[in-house]
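Same chain, two partners: subunit A is paired with subunit B first, then with subunit C.
On to the complex of A and B.
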C-alpha cells in the first residue's frame, strides 16, 4: 500500500512537471512577443506601438531577454513560492487576475455539469425504459444529431435566437454593468439571468454524452442477474429501477461528470468568447492575443491542476460509491 | 393437495431470426411438503421452467399454459399482482454467481429488503430477523455489513439462501445451488437444506444437473431433456432402473453413481432444429424407430408412480432368454450341466457382463444366445422374435459374436479384406463394391489402416491385437444390435487388451449397440459394464447393477470371486 501511494505521488508530480514544461514553452513558441502586439487583432498585421529601445527595456524588465532555460528556472523558483508572476497586460499579479475571473468559469461549468447530468440521467432512464420503442429511437437519433453541433456554433445560434431576436437574455457579460442592487436577491437574479445562455449552451453540448452513457449502461445493467434477483423479490418496478438498476448505472455517469468538469474548464474558452462572459476562458483568449506569457502560463496551470483535482476527486467519490474499488 | 401445478407449459424464446423452445409442453405438480427435483443437462429448460413460475422470463418469451399456485392461476397475473406472491409465497435461491447479488449493496440490506416490502415489522425487528437467518444458514451475522465481493462462493450461496427464507415462503425454488461450489461446501449446503426442510417443512423445487445432489435431497425427480420432461418417478427407482434412454445415459455418466466405471457421456448433442417435431432425444437415441422421427411422445404413466415419454415405452428389451439348459456328455457317459436354467434379458444399448471362473458355462451360454448352438430346452427371443426361427447371425442389425482367440477365429490364409467381408459374401448382402466399401469403413472403426496394402495382407502376418481388431471389424460390418464379446482380450497382452477394450467400449457408446461381455477379469468388467451377471456351475447366481454387485455382493460365490482379486 505504501509503495502504491509513493508511486502515485511520483506519477502526480511527474504529470505536473510535464504540464509545467508545456505551459512554459508553448506560449513562447508562438510568433511575436508581449511588446509587439496588434491593437486590432482582426487585421493580423503587427502594429509596432513601441520603439525598439522601449521594447528592449520591457524585455529586460520582465526578464524575457535572458536565455529560455534560465527563464524557466526562475519561473519554477517563483512557483515554489506560490508566485505566478505579474501579468504584463493587466499590470497586476497573475493570481489576482485569475481569482477575479475563475469564479465565473467555475460557476457556469459546475452549473452546466449538474444540469446536463441530471437532465441526461432522466432522459437516459426514460429512453432505456422505452427501449426499442418509437420514443427511444426518436430521442436517440435527435440527441446524437444535436451533439454534432460544435458548442460555439450552438452558442451563436442561441445568442441569435434568444438575445438578438427574442430579446429574452442579455447579449454579453456576467452582470449588468454599473447596476445598483437593492438586495442580495436582486444581485443573484442578475447573475443567473446573465449566466443562463452560457450555462444552457454548455449543458446542451454535454447532454448527449450523459444521455447515451446512462441509457446504454442502464440497458446493460438491466440484463444483470441482480436485477432479476430484485424482481424475484417482488420489490416492485420502481424500487428495482431506482435502488438496483440506476444505483449501478450511475457509477460511470459520476465518473464522466467528474472528467467533464475538467474538460469543460478547457473547452469553455470558445463559449465564453461567444457570450463575452468574463471567465478565465475569455481572459486566456485575450492573454494569448496579447502574448501575456505569465498570464497564459498561470491560466493553463490552473486549468491543468483543476483537471488533475477533478480526476482525483472522481477516484475518491467512485471508491465511496462502488465498494469493489479501493484506492 | 398439490401446492404448485404446471399444465402444458410452453416457453419459447423469440429472437429476430428464430425461436428457441426452451420449455415445450411441460406438466408437473408438487405436493405440499414435497421435494421435487428436476434434472437434465444444461440447456434442457430447467431454469426457464423455474423462472416462469416466478414470472421472471424476459419479454421476448412467448408463454403458454397454466401455472397454478395454491389453486390460483398465477401465470396470467400482472407484474404488480405477481409481486405479492414473489418471495412471500414463492422464493428462489439463485445459482451463486458474482452478480446475483447487487454489488454495491451490503448483503444484510439485500436480505432485509424483501422483509421491509412484504412483512409488516419494524426496522429493528427486520435486522434481528436477518441476524437470525444468518445464523440459521450457519453464517456469522457480522457478515451482514459486507459487500458481496467480500464473501466466498459458499458464503454468498448461504446469503442467497437466507435471503430466500426471509419471508418464510411456502415454496422454495433452488436453481443449481451447488454447481459452482467445491465438494466440501456442496455437502454443507446439502446438509443445511435437509436440516431446514426437516425443521420448517418447506415445499421445494430443486433444479440441478447434478443428479447425485438432487437424489440425496429430493423424494421425486423429473428428468428434462430439450424442454420436455422425459421421465418422472421416485428418486430411488429412477437411479436404480432408469427407464428412458436419456435418463439411463445421465445416470450412467454420473461418476458418483458408477464409481468404478469409466466415464462415457451420452454421444451426440442436443438437437437445435426448432422445426423438428419428433422425439427430442431422436438424434442421440440408440433404439429409435420410424415413429420417433415423426412425433414427440407424451408423458404417460407406467405404474409405480412413474411416468415416461418414449414411443417404445422406455429402454426396450432386445433379447430375452428363458429356462436355458445345455449339457455336455462326458466320456464316462455322465452329463455335465454347462448351462442350468438360465434366465436373462438384455436391454437396448446395455452392456451386460457375464463373469465367472473358467468352466462356469459362460461361453456355452454365449454360444446359445448367438444361436451358434441350440439349447436343450428354453427359448431365446431377439427383438420379440424367436431366434430359432430367424437366424439373427445372418442378418444385418442382428447378433454378432467375437471369440476369444483371434488366431483360430480368423483364417491365416484369408486376406484382411476377405476376412472382414466374409459374412457379407456368405449372406450375399449388398453388391461387391459396396462390400469392399463397408469393409474399409469397418477397418476405420477399429482404428486399422484401410490402405490396399493392408487390405491385401494375410491374416497370418498380423499381430494378435491387429487380428482381434480384424475379428471385431468382421462383426461390425454386420452392424449388429447385439455384440457378444467372449473373452476378447484374454489372449492379448495387457497394453493391447487395454486398447482393444477402450476401442470396444468406444464403439458401443458411439454406435449404441447392446453388448454381452464375457470375462473372468473382474476389474476389466467393472470399467465397462452397466450390469453384471455372475455365473457358477451353469447357473446365474447373482445379477444386478455393476456397482451393487461389486460393493455389496449377496452370493457367497460372488464374494469369493471379488476377494480372489489379486491386489497390489
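On to the complex of A and C.
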C-alpha cells in the first residue's frame, strides 16, 4: 500500500515536471529570438535592429546567454517566488492578472461540481430504485445521449435558448457593467444571475457521469449481504436506502467530484469563452489571440497545478472516508 | 500459398499481413452491423450521410466555400439555400466543405493514435521487462497531463495548421489505446494456446500476427471511434478559440467567426449562421457515440473495456 502511494506522489511530481519543461522550452523552440525581427516582407532575411553590443547587453540582462539548464534553474527559482513574469498585454505581473480572474473560475467550477453531484446522486438513486422500469430506461438513454454533447456546444445552445430567444439571462459577463448596488444582497443577486447559465452548462455536462456512477454503484451495493441483513432486521426501506446503501455507494461519487474539478478546469476555457465570463479561461483566450506568451504560460501552469492538487486531495479524502485504504 | 510468401520477399509479406488484417476488420464490421441496435443503425447511416456530403461537396454545392458569391448576411432563400455569412460566402458550401475538415482530422488522429498506440502497447506487453515499465511510466504521465489547456498552448506556439493540429492531438491520444492493448496482450499472452504455439517453434512475429493482433483489433476499433470523436471536439474547440487553420473553413471556424461577429445575438443572423454548424457537429458526435456504444455492447460479453479516468 505504501509503495502504491509513493508511486502516486511520484507520478504527480513527474507530471508537474513535464508540464514545467514544456512550459519552459516551448517559447525557446520558436524560431528567432526576442531581439531580432524575422519579418522583412520583401527579402525574407533577418533584419537586425540592434548592434551586436546592444544584443549582447540584452541577452546578458535577461540571462539568455547562460546555458539552458541554468536558465531552467532560474525559471524554477522564480516560480518558487510566485514570479511568473510580466503580461505583455496587461502590463502587470502575470500572477496579478491570474489572481484577478481566478476567483470567477473557481466560483463557477465549484458551484457546478456541487450542483451536478447533488443532482446526479438524486437522479441516480431514483433510477436505481426504479431499475428496469420505463422511467429508468428513458432517463438513462436520454442522459447518455446528452453527455455526448461537449460542454461548449451545450453552452451555445443554452445561450441561444435562454438569453437570445427567451431573453431570460444576460448574454455575457459576470456582473452588470457600471452598476450601482444599493446593498450587498443586490450585488450578490447580480453575480448569481450572471453565473446561472455557465454554472448550469457545466453542471449539465457533468451530470451524466455522476448519475451513471451512483446508479451502477447502488445497484451493485444492493446485492450485498448487509443490505439483506438490514431488510431482515425489519428496517424501513428508507433507512435501508439512505443509511446502508447510499452511504456505501457515495464513496466513488466523492472521488469523482474531485476528478471532476480537474476535468472542468480544462473544459472551462471554452465554456467561459461562450459566455464571455471573465475567468482565467476567457483570459487564456484573449492571451492566445493577443499572443501574450508569459500570460499563456502562467495560466497553463495554474490550471495544471490546480488539477494536480485536486488529484492529491481526492487521494487524501478517499483514505479518510474509506478506512480500508489507510496505511 | 505459404511457399510463395516465403520466397517473395519482405514487402510482399507485409502486404499480405495488411490484407489479412483489413479482411478481418471488414469481416468484423459485417458481423457487427446486423447486431446493431436501432440507435447504432441510425448512427451508421448518419455517418455515411456526412461522409457522402464531404466527398461529393463540389457536386452538391453551387458555390465555392471561400468565394464571395452574394451580399453579406443574406437570409436563406432560393439563391443561397442556407444564406451567407458576413463576407457573402455561401453557408451551405461551408458546411459541406467543413465536413471534410472535421472528418479528416477525426479519422487521421484516430487511426494514427489508435493503431500506433495499439501497436506500441502490444509490443510492450509482449516483450515485457524494462521496455514495458518505461512505456507504462510515459503513458501514466501522458494521461495525467491536462490535455486541452496544453493543446491550446502548444498550438498557440506552433502556429495553426491542419498538420500541427493532427500531430498535437495524436500526441495526447495514443496513451489510452496503448494501455488497453498492453493489458489485453498481457492477458492473452498467458493463454495456454500461445504457450503451445511457442513450444511448437512459432516465432514472436507469428504469434503477434496470428494470435494477438486479431484479438486486440476489435477493442482498438471501438477505441478509434471514441478517439475520433474526441479529436473532432478538440479541433472544434481550438478553431472556436481562433486557433484553427485560417485557410480552411471547418465547422469550428464557422462557430468562431459567427460568435465573434459583434452583436450577432441582437440580430436574426445567428439563425442561419450559427445554427447549421452547431447542428451538424452535434449530429456527427451523436452518431459516433451511438456507434461506439453499440460496438462496446456487442463486444462486452467477451471483453471488458476499461473506461478512461
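One rule holds for everything that comes next: the second predicted complex is superposed on the first by the 263 of 327 C-alpha atoms of A that agree within 3 Å, B and C clash if a C-alpha of one lies under 4 Å from a C-alpha of the other, contacts with A are read in each partner's own complex, and residues count from 1 in each chain.
Everything below uses one rule, namely that contacts are C-beta pairs under 8 Å (C-beta built on N, C-alpha and C of every residue); 3 or more make two chains touch, one makes a residue touch a chain.
All values reported here derive from a predicted model rather than from experimental measurement.
Engineer: Please determine, from the superposition on subunit A, whether subunit B and subunit C clash or fit.
Structural biologist: Superposition check on subunit A shows subunit B and subunit C fit without a clash.
Engineer: In this superposition, which partner touches a larger number of subunit A residues, subunit B or subunit C?
Structural biologist: The larger set of subunit A residues in touch belongs to C.
Engineer: Identify the partner contact of A:294: answer first if only subunit B is touched, second if only subunit C is, both if each is, neither if none is.
Structural biologist: Touch partners of A:294: none, neither subunit B nor subunit C.
Engineer: Once the shared chain is lined up, is A:225 touching subunit B (first), subunit C (second), both, or neither of them?
Structural biologist: first
Engineer: Scan A:322 for contacts with subunit B and subunit C and give back first, second, both or neither.
Structural biologist: The first partner, subunit B, only.
Engineer: On the A-aligned overlay, A:248 touches which partner chain: subunit B = first, subunit C = second, or both, or neither?
Structural biologist: In the superposition, A:248 touches subunit B alone.
Engineer: Could you look at A:279 and tell me whether it touches subunit B, subunit C, both or neither (first, second, both, neither)?
Structural biologist: neither
Engineer: Answer with first, second, both or neither: which of subunit B and subunit C does A:237 touch in the superposed model?
Structural biologist: In the superposed model, A:237 contacts subunit B only, not subunit C.
Engineer: After the superposition, what is the least C-alpha distance between subunit B and subunit C in whole angstrom?
Structural biologist: 17
Engineer: Under the touch definition given earlier, write down the residues of subunit A that touch subunit C in their complex.
Structural biologist: Going by the criterion above, the answer is residues 11-12, 14-15, 18-19, 22-23, 26-27, 29-30, 144-145, 148-150, 152-153, 156-157, 159-160, 163-164, 171, 259, 262, 265-267, 269-270, 273-274, 284-285, 288-289, 291, 293, 296-297, 299-300, 303-304, 307-308, 311.
Engineer: Mind pulling up the subunit B residues that touch subunit A in the complex?
Structural biologist: Those in contact with subunit A are residues 51, 54, 56, 79-80, 82-88, 91-92, 94, 97, 99-105, 113-114, 117-118, 147, 149-150, 163.
Engineer: So in the complex, the part of subunit A that touches subunit B is made up of which residues?
Structural biologist: Residue positions touching the partner: 224-226, 228-237, 239, 243-244, 247-248, 251, 321-324.
Engineer: Where on subunit C is subunit A touching in the complex?
Structural biologist: So the residues of subunit C in touch with subunit A come to 137, 140-141, 144-150, 152-154, 156-157, 229, 233, 236-237, 240-243, 255, 259, 265, 270, 274-275, 278, 281-282, 285-286, 288-289, 293, 309.
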